[in-house]
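Note that the chains take the letters A, B, C and D in the order they are written out, and that residue 1 is the start of every chain.
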Amino acid sequence: MSILINKDTRLLVQGITGREGIFHSAQMLDYGTKIVAGVTPGKGGDWVLEGKVPVFDTVDQAMAATGANCSVSFVPARFAVDAMLEAADAQLPLLVCITEGIPIQDMIMVREYLDRAGARLIGPNCPGLLTPGECKVGIIPGHIAEPGPVGVVSRSGTLTYEVLYALQRNGRGVSTCIGIGGDPVIGTTFLDVLELFEADPHTESVVLIGEIGGTDEERAAEFIGDQMTKPVVSFIAGQTAPPGKRMGHAGAIIEGGSGLASDKIAALESAGVSVATTPEAIPELLT
Amino acid sequence: MKLHEYQSKQLFAQHGIPIPRGRVAMTASEARTIAEELGGRAVIKAQVLVGGRGKAGGIRLAGSPEEAEELATQVLGMRIKELPVRKVLVDEAAEVQTEIYLGVTNDRAARVPVMIASVQGGIEIEEVARKDPERIVRVWVDPFLGLREYQARNLATSMELPRQLWSEFARIASGLFKTFLDADATLAEINPLVITRTGQLLALDGKIVLDDNALYRHPGLADLRDVDEEAASEREARKYGLSYVKLNGDIGCMVNGAGLAMATMDVIKSLGGEPANFLDVGGGAAAEKVAAALQIILADENVRSILLNIFGGITRCDEVARGILMALQGVRREVPMVIRLVGTNEEEGRKILADADLPTAASLNEAARLAIAASQVEAVR
Amino acid sequence: MSILINKDTRLLVQGITGREGIFHSAQMLDYGTKIVAGVTPGKGGDWVLEGKVPVFDTVDQAMAATGANCSVSFVPARFAVDAMLEAADAQLPLLVCITEGIPIQDMIMVREYLDRAGARLIGPNCPGLLTPGECKVGIIPGHIAEPGPVGVVSRSGTLTYEVLYALQRNGRGVSTCIGIGGDPVIGTTFLDVLELFEADPHTESVVLIGEIGGTDEERAAEFIGDQMTKPVVSFIAGQTAPPGKRMGHAGAIIEGGSGLASDKIAALESAGVSVATTPEAIPELLT
Amino acid sequence: MKLHEYQSKQLFAQHGIPIPRGRVAMTASEARTIAEELGGRAVIKAQVLVGGRGKAGGIRLAGSPEEAEELATQVLGMRIKELPVRKVLVDEAAEVQTEIYLGVTNDRAARVPVMIASVQGGIEIEEVARKDPERIVRVWVDPFLGLREYQARNLATSMELPRQLWSEFARIASGLFKTFLDADATLAEINPLVITRTGQLLALDGKIVLDDNALYRHPGLADLRDVDEEAASEREARKYGLSYVKLNGDIGCMVNGAGLAMATMDVIKSLGGEPANFLDVGGGAAAEKVAAALQIILADENVRSILLNIFGGITRCDEVARGILMALQGVRREVPMVIRLVGTNEEEGRKILADADLPTAASLNEAARLAIAASQVEAVR
């Protein structure tokens, strides 16, 4: 009743001994996620989280000892590229990178490498994934979503939580929620996630949370119109943002006429998507 | 981070791209001296980090050093889109035959850099793109291989440049791509790249935007930041790692996350209010960041109420709550504040606020409605 | 009755106006190869070979005007990399690079790029291909082979001619002869060509001409043993070469114990291949 | 092209790899001076481009400047595998605790560079590879991304290096990879990379082999070629773009193409003859190249007959024939010659030779048999 992560996910945490790494690992563990290993170079041999999780110097060693099948990285931006390459090299099939502030050129390089290595990346600069009741990988607060049939995919971080919270208050359960990140170059796109939700028998409808910048929403709309059978509801942030002003996300720059919220909304609506005017209006649009 | 025209052209020159002779002047008399060095005729160009300088009268042609001084006096006295002109570039005037556009940026969809060229340079490239798309040619560049000579040749033949200019054009295109790559730019463009009456290629104007996330590995470029060009509030925000954009409304916003911040502004507007700013305190916002953010919002005289919308993920609600209390110590309290706090450690966060008699709103719509109402009450006072 | 090239091949010659380019283009044209275009930057608009072949400035222009489906490059080493990338970018599915002297690091880069672009490369530093009676792409002398059922693949240049000549004198016809080149990094390997010959209904047996250095012959032997149904006859040059001495081909260095002729012969023989002691002994080993 | 130990170590040092203090000496008294500078104790190392220097006594430890002079005199008087020692490297002696092997080369099958390391350094790495393969660790390096720090860490942990050496090891591995890439090398190795008694890493010995095809873009490295280290005949061959290796037999060979040249040698040997050399006149061999090749073969006193085997593809037979005639003008004619000429323009080629009374053989086996017979006739004379 989920995509990408579930109760069988065996998680490896890169940068587990850092401030954010240890805080969120504790939260993931509390949620029930099976954290089988942590990696911090130079800290191999330690045990963290009340002795529950062994720390290794390299991902290779961690993989050999624990057979993880997913990694999440809290490594600082300057080391995050290496962390992703290391995980891909160690044959991890699913990488989640929470880290923000990675240069675009680095991500172009990483993305190219991961594609060749056959590894799927979620992020960077994303909140990660949550399959309610089963597994939490990343930093999405666990208590704001219940299990259910709604798939959620979002470019934003906290706006995603807002939507999850609204769904919860309306008694709507979630199959899996994925924050794909708002950077210009990311691993997994709207399109990729929509394909997964369309194929997942337990997801009945999908919420897509976009924002200004880029053309990912337009490409998602094309897929929805052409190939999706499940209903999609959307919200696009930045409808009132002045053009040309940078709004924090590298991806949220309005670039030369394309990337406007109005274009995205028009594309989605013409593909049959109901677009909400506020995040809290989303649940009532779900059939 | 945007670079000035003169900074961009210096980077071009370092990569072998021909630029006009010229220097920056801070005063009109300096401009006169430079014009004299250039032989009398000179172009006086306002150096501000906004578009539309030409239309605003910020680019002027002087026929003599005297006229250069006079025009520089005028330009240095201008404001362009509210920004005061503090510097002018005094360049040798070129005899222009053809104006070409040549730029590099990242194609987000293809996930590689793309080089774009057009013989319809000089005016807004977006204009050409809309009206005359076939006049724009592009090549996608493998970031590992760099711009290859055949790609530059493909651009040159598609633009129907004269054959004798191909190798020089290829050299310039290659230099521009290297500038883009070496500086970790998100945009590097020459507009116009002119063919002069004597058949030379010359980069008359240019623009570079750098990737802020990569500035740490380019300390020399980071030093080029012109702090005079930023509003004091935005400079202050940057110091604390906050993302702040001043707008014209009266409801101050502090939100964590750019998407939620934009959504919060959308909700305020949809309910009839006007946001005073965009402010993203970012992920992992510590107490002191929140405090700094409040100070910046309160420094805006137009602000009549404040909406704090914090949904905790990396940011923990208890830290946010402590930040709010810390920020409120020793600042004016006249502005009413609506706080919404949900997510990680929300119980602790709410308790801290409740202990300090600060109530919290449950939903975003409710919080926005309350903030709008409060601003209207303030406005009536 | 061939692989890769035949009478429908529409050939584009890169570097057609150079000394070797024009000489061999004339020979190819004489043989009956359909040369539809030549490319030499700066010479666009010219016509060469008695006005039969138009010259273009770029491969893009040549493709747009003529719809070539194969390119052969005689471009000097310093420009050969660009020539290959340009041809791949212009969507040519088959590239043949005759040029010798391309640095290894350049070829690593080119090979990677071509793989991603989906273009097949023969060479570099190779004599090209010959489908007797139909089409000649490269520099293999046309008059030393007749049409027939024997597929020939070789790492060597002139040694290939020697073998073709021996086959001809013994009345053996050839389906297609491919010189894959002896450099350390090449486009198409023995393995690739054996797969094509195995699948070609008109090829009945295969002659494989190897030489010392690398492990391509060993990998070919593995494929022959495991998956090939057609008989293979081989000759390995360098059986008497002293170890460690460089014998001209970058690929023909005996590297630290591997790459020896004896290892290759043993591998081939254990895969059921008849290995000849001299090139002229090959025809009599063909069943 | 191989570099000397001292040249390799200089390149290492330029890439931040620690090497012992030391310099090259051409004379024994220079060696003494350097040993004095180093404080007395020094290692005297013969600089020749062949392996097995140690076993041959070309590496000696001196306890004092006097001893350094004496040992340098001995080493400078040696021949190692027939090569005279013309230079010695005088290095500070290191106190060695552990010897590591660290090298980069291209993996032909994987088509990327591979970095290989072993804590069993110091002896032949091939030996370790054969007897103790699990003591050798390797990482494949993406040429675009370069050696990443995690890859160096993987090597270090696999070798069980002490944790406090990881970051310095990573720095050295990264420097070695950059050396390899920047120099267009086909091999760059440090052997041994030692851990000294005081826990420092130090590149005691090293070797670099450059890609001859890439030398054109490294003029500085091309200048490092030590022409003294080549046989005069090989130097002459290189000048004409010929590939020549002298061997010990009596049948001179000139063939176009390395594969056919090796096959020709194989055929000669299989028929009981002994080739005097490997000589590839290359593709596109012009008349003057053929002439130079003949001169080089005839300069070998052991040669009793010559086999010319030319199969024309790029090389046109008429050009070859003219080259042969040109070469035969004004040289000794005593050595009998068997010529085989087939391929492009073979009619013209054969006609030219026939006109000059030079007959040609039809098959390779026949040509080899004739050449062997001729050499035996010559040997009897």
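In this text, a residue touches a chain if its C-beta (ideal position, glycine included) is under 8 Å from a C-beta of that chain, and two chains touch if they have at least 3 such contacts.
Source: prediction; values computed, not measured.
Across the two interfaces under comparison, B-C and A-B, the one joined by more C-beta contacts turns out to be A-B. Averaging C-alpha coordinates per chain and comparing to chain A, the farthest chain turns out to be D. Note on chain placement: the centre of chain B and the centre of chain C lie 54 Å apart, centres being C-alpha means. Centroid to centroid, with C-alpha atoms defining each point, chain A and chain C lie 48 Å apart.
Look at where the CA atoms of chain A average out and do the same for chain B: the two points lie 28 Å apart.
For this pair, chain B with chain D, the centres built from the Cα atoms lie 56 Å apart. The set of chain D residues touching two or more other chains comprises 144. Residue numbers of chain A whose C-beta contacts span two or more other chains: 109.
Chain B meets chain C in the complex at residues 142, 144-145, 148-151, 153-154, 157, 163, 166.
Residues of chain D touching chain C in their complex: 106, 108-109, 111-113, 125-126, 129-130, 143-144, 181, 184, 186, 211-214, 216-217, 243, 245, 247, 255-263, 265-267, 269-270, 275, 278, 280, 282-284, 310-315, 342-344, 363-365. Interface residues of chain C, counted against chain D in their complex, comprise 20, 24, 27, 77-78, 98, 100-106, 108-109, 111-112, 127, 139-141, 144, 154-162, 165-166, 182, 184-185, 209, 211-212, 214-216, 219, 235, 237-242, 245-252, 256-257, 277-280. Taken together, the chain A residues at the contact with chain D in this complex read 41-42, 44, 57-61, 82-83, 85-86, 89, 109, 113.
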